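What follows is a short report on a single structure.
Chains: A, B, C and D, in written order; residue numbering restarts at 1 for each.
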Amino acid sequence: MKRKDSSQLRAFWNEFRRVKFGTVGLALFAVFVLIVLFEPLLMPYPDANDRWRDMTYWLDSPRNAKPVWVNWFTSKDYAVADTIEPTSVTESQVGSLRMVMMEFEYDFHYQRPPADLQLVTTLTGNASIQMELIRPDGASLNYQRATSSSGTRDIRVSVAQNLQDKVFRLASAYADPDVIASENPETIDAMATMFAAAEPNMLRATNPLEGTYICKLTVALTSADSRVDDAMLVIAGGVAGWMGTDASKRDIWSGLIAGTKWALLIGLVTSFVSVAIGVVYGVVAGYFGGWVDSMMNRIFEVFLSMPLLPILIVMGAVFKPSIWTMIIMMCLFFWVGPVKTVRSMALQIKENTYIEAAKALGASHGRIVFKHLLPQLVPYAFATMALSVPSAIVYEASISLIGLGDATVVTWGQILQDAYASGAVLQGTWWWVVPPGLAIALMGMTFAFIGFAMDTILNPKLRTR
Amino acid sequence: MSEPILRVENLKKWFPVKRSIRQVLSGERTQVKAVDGISFDVQKGEIFGLVGESGCGKTTTGKLIMKLLDSTDGKMYMEGEDVTGISGDALAAHRRKVQMIFQDPYASMNPRFKILDVLMEPLVIHGVGETSQERETWAIKALEEVKLTPPDEFLSRHPHMLSGGQRQRAATARTLMLSPSIIVADEPVSMIDLSTRAEILHMMRQVQRELGLTYIYITHDLSTARYFTDRLAVMYLGRIVEMGVAGEVIDNTLHPYSKALIAAVCEPVSGRVNRIKEVPIKGEIPAATNIPQGCRFHPRCVYATQACWEQPEPELFDAGNGHMVACRRYEEILEKGDAAKTSEAEF
Amino acid sequence: MYWRYAVRRILYAVVMFAVVIFIFSALFNTVAETTQLAQITEQVNAEVRGVQQASQMQAEDIQEWRESRRTQLIQQYHLDEPIVSRIFWRTLNTLTMNLGQSTRIRSSAGENDVWLIIKERIPRTLVLFMTAVAVDVLLGVWLGLRKARKAGGLMDRTTSIITMVLYGLPSWWLGMLMIMIFAFTISIFPSGAMHSTPAPTGGFAYFVDLLYHMALPVLALVVLRFWGRAYITRNIVLGTLQEDFIMSARARGISERKVLYGHTLRSSAPPIVTMSLLALLASFGGALIFEGIFSWPGMGNLYWVAVQQNDIPVLMGNLALTTGLYIAGLALLDLIYGLLDPRVKVGGKA
Amino acid sequence: MDNILEVKDLELHYFTQKGVVKAVDRLSFDLKKGETLGVVGESGCGKTTMATALLKMPTPPGRIVGGQILLDGDDIMPLSETEIRRRVRWERISMVFQGAMNCLTPVYTIEKQMRETLQQHRQMDRAEAGKRMLKYLNLVGLSSDVLRRYPHELSGGMKQRVVIATALFLEPKVVICDEPTTALDVVVQAEIINLLKTLKEEMGLSFIFITHDLSIEAEVSDRIMVMYAGRAVEIGTNEQIYGPQGSAHPYTQRLLGATPRLHEEVKELSFIPGTPPDLLDPPSGCRFHPRCPVVMERCPHDDVWVREIEPEHMVACWRC
């Protein structure tokens, strides 16, 4: 028995290989599987799966940053997002004070400034910090802050948000009096000014000043158990990551990678379960005929008469499903897909004399269904499965888009929903809208290639040469 | 005469027809009377032919004998035992004794099976044989029986790798696997090329003689029926109209329908090109839902008189020497027919 | 012959609708009843407030009145009966378009009767969807025929590949992109809605304005889907072209044009119509999502609004009517099929 | 001019993925006015392929690669597809295809199909066309009420008659009938055969009658061409093939020996061992040699073509 199956599989494979787009589909499918397998390696934010909706996880990223490769297509490069570790750390004792001094160097060689420059660190116990930012031309600004608390807390100093007036003052030294008069610290683009060449028009920012920017951080630890940890300089770039970031600072690339496994899961499980049910249902109806068939046909037609998406929407709104219940709900309605064709195929196969021959030999219904009927339908079932994967994915995305998705997981549909709800379409944040849709389309195409290829093999009539 | 191996008494098979709502409401019941009361005996070791046009009920009769269909009425005895309403073990035993060869040898084998699987299937279904080795030996023996040699070469092939004749041999081998006593052969050679047709018939007859089998040979082709069968029955609209020794039925035909049928057959002899063939029959075959009153052949019978549709349907009776006919007026017609024969038109 | 078939098919659709509505009523019974009870409480409270203002009733009397009014309403809505009977009443109410009161959503005239809310939206959905269907089928059949004529040729192969590439692409996503490009980046089309505000008066201007607003959604729907229609058409036509009667017609000297557009297309029409319309009905759901994207004030848009506002009665009513339209579509499909296939039209083995 | 149709060295090849199939190989024959030529052979011997070649409409991937088809003396080979369609098909040669059940467009009424064919070829007003259709329907024994029917409402025999009427009503010189009776019951078959005989007699038509059944051929055809593996092996008159002196080619002889007789008690039918050759890789020399009971040494090496051995009798066998 084994021998026979393997030889037929091989024959099928040999035919399949000849259909070029089928092979392309398989290759793409392999790529998707690899993405799922190597997910941790591919995701710059390894906790994206669990903490996608945890805003504190994404604080270090810029908001609405474009993808890094945008720089390849523009002459005025955006600053790339980066985190900079201190180049030197020195500790000294001044009386009862312990002083920790750190120096960060940021090489700025872009035409557009980063969205923000943040100093991030964790403080324990009483401490005060002093930060000095020195531009390549020597101009500098200072920031001081003393804190007293016994616990551990995160400190975050943002130039764009906290130091606007200091930047304004710095620029005022160079700027035209008229300009100073017409601008005010609230409205200037702090980052642009910070990274602008020192010239009269500096406040209206303009020519970038390239070079090394130095940030000197001095932490005075006042109590014995005080500590400073994890200090770094976060450059919130104008561009960040392979796919940019969204309005909640999340890395879209990580979201896409995290969504891949869900898309595959939803697509494969739904199509497999529903097609398996549908094929068995169709075969049983077609084989037994008579009142069994009529009854099964009635049930089938009831299901056929229900518009799928509206029901899923209402069920979603009423039952608030998790991803698994959503898959079950989809299976509940998806199985009707292959029934009609399978039933007519079963009716046709049933007419073959070998079925009658088996009956004449005394074969049981079970033997006829499982040995003679179902094996003939396996190729068709696989083709149908492949072709129903994309629709399952699109359905999940559609339900998510309306806002009924499972919030505990990251799916492409939900990324799109976030984008749509945050007005990404209106703002033209294309890197938020295009990639998830493309991912859905690409996966759809993958399975379409595979399914259509099998279809071509199964219907020689459609072959043209 | 000894106990017949198969005895059929007044067997009927009516199929219900889908009714419209009006028919359901008025209690009207239409039925296709595919087999409408047939009786015959088959002796052990003979080849019994069932001949007729499409739709005459010959295939349905075959299926009734196979118990692929349940009869509506009537009785059937196998080796003296009533097998009309059997089920379960008795049915399984019956299926081992009666086997079938189908018209299209290609369609009668699952294309995904190898010949070995095809041959093993009856054994697997009936749980015959201990080991697969034992079963394989039997399969090889069966293939040798039908002259499909060397057997090893064929066992691993799929049906599509065989020629039509070889397939029908393999199909015959399958029927032999369970050592049956009756084989129902439904048009076994009609889909096979002329050049190999005789070969298959020859092989079938050889197997029959060697193993002492009984055949029920179903066909529309009178010429092969004459060649292959010992006795034959001519069917029309679910009834046997004439039955007897093959040569006798064909050369001394009694029933007007058989006459028409035989007259219509073409023969490979010269000198007939420019002659219009007289076929003593009229009209088209009526639907089996609407069987005519009286003798069911009367609307098409060129000799029909008023009595034919007013009197009840004639039963099959012995016209001498076991030559049975279901026509009241066959003697009258015989005289008329001879007169007609001499006046055949010629250009 | 045909009218009998038609009557039977329509009756069947009605029965099917009733069965499906019954299933919905059973499936969503709990949530529907919870909402209804809440609405009753609200109504009673409002009435109590009115009564209190009008008369100077004692607190106990009010309490008593409140209870009896509540019981009365519960009886009126059959909520005190056993579950099967409750489901039955709900089914009956739905079938008679007695869809209850919305919780938040109002119709454009301010009514809160669910039927009135949905009723004004049905034609809007139909006009958008039907236009898309018409364009889609026409383009699809045209392309499919061209593909079948030169099956295996460059045009056939490229369009087939396009079909596959676009197979799993959500149409509403394309809609989003189109809005982003054609409405916001280069503003040549409106980003949504059905009319300019205020809507132009006068038949022709109104019509042009409608077309202008419909252009983008119809384009987005059609551009993605008609390839699939073409592919199906191609396969069916290719199958028909291999039939003996086509060869026979050619042999009779019938011109190639007549063979293709007459015999072939006419014989392929029943399956083409079935397959196309079935696929289109399947895309009905997608079109509903579409309305949300394009702020088209139809039934699909209503789903978005109802989901956001958690307006259960509107959601239920909308589902019932969408299903009704869907089943009507299926019935229409069979009726067209019957007209095209003489085996149905004049009887015989269908 | 005695011959209405002359075919010379006709070659038709199928260009399949696996290789070239020479389905019709250097076939030459002629058809006289008012006669029926029978073409007989087993399935796959190229009978139907040959017929479609005569209409110049081979089924792809088949192509006519050589030869001449002279219709009333004119070679139709060089004619363009449009000319063939306008002036040859149905005008001068018509065909009754195998399986008439499937040769009528299911969605058109019989009237529509017949009228369309008529109007494609003749400028005719409705009344005249109607008259013509009726005339031919009556000729094949059908009444006018079939005109309003759809094909599925007719029985097999009626459909076959409609197809025959349609093949005749442009009054072509040659009618090709490809297995016109195969799916029919013997009684109906006899009626159709009688009909064809009457038509030949009354209208002076020439028929090419293709079948696999030697018995039918004996009753229909004046002359018979026996084909094997794409080639003609024997052409002779009815008398020469079926007469008492017997046919000349071993294949024909064996085939006749394998045909059961109705009115003769035959003890044992003969048969031809082996199977018809695979035309992708046909045997060398005489294609029948692997199955021939009287094979000679030269048979596998030398190709053999039909030669006249007596007037009207052509045989392709080295023994003759």
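Here is the rule we go by: a contact is a pair of C-beta atoms (placed from the backbone, for glycine too) under 8 Å apart; a residue touches a chain by one contact, two chains touch by 3 or more.
Keep in mind that what you see is a predicted model, and the values were worked out from it rather than measured.
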item: Set of chains adjacent to chain B and to chain D; value: none
item: Chain pair with the higher count of C-beta pairs in contact (A-C, A-B); value: A-C
item: Chain ID, smallest distance between chain and overall C-alpha centroids; value: C
item: Euclidean distance of C-alpha centroids - chain A vs chain D, Å; value: 68
item: Euclidean distance of C-alpha centroids - chain A vs chain C, Å; value: 31
item: Inter-centroid spacing, chain C versus chain B (mean Cα positions, whole Å); value: 57
item: Residues within chain A bordering two or more other chains; value: 465
item: Junction residues of chain B - those touching two or more other chains; value: none
item: Residues within chain D bordering two or more other chains; value: none
item: Contact graph of the chains (line, ring, star, complete, other); value: ring
item: Chain-to-chain touches, reported pairwise for every pair that qualifies; value: A-B, A-C, B-D, C-D
item: Of chain D, residues touching chain C in the complex; value: 55, 57, 59, 85-86, 89-91, 94-95, 97-99, 102-109, 113, 116-117, 120-121, 150, 152-153, 163, 166
item: Sites on chain D touched by chain B in the complex; value: 36, 42-43, 155, 157, 185-187, 189-191, 193-194, 197-198, 201, 212-222, 238-239, 241-244, 254-263, 265-266, 268-273, 275-276, 291
item: Interfacial residue positions of chain A with respect to chain B in the complex; value: 4, 8, 352-354, 356-364, 367, 371-372, 375-376
item: Chain D contact footprint on chain C (complex, rising order); value: 243-255, 258, 262-263, 266-267, 269-270, 340-343, 346, 348-349
item: Of chain C, residues touching chain A in the complex; value: 16-17, 19-20, 23, 27-28, 31, 151-152, 156, 160-161, 163-170, 172-174, 176-177, 179-180, 184-185, 191, 235, 238-239, 242, 281-282, 284-286, 288-289, 292-293, 303-304, 306-308, 310, 312, 315-316, 318-319, 322-323, 326-327, 330
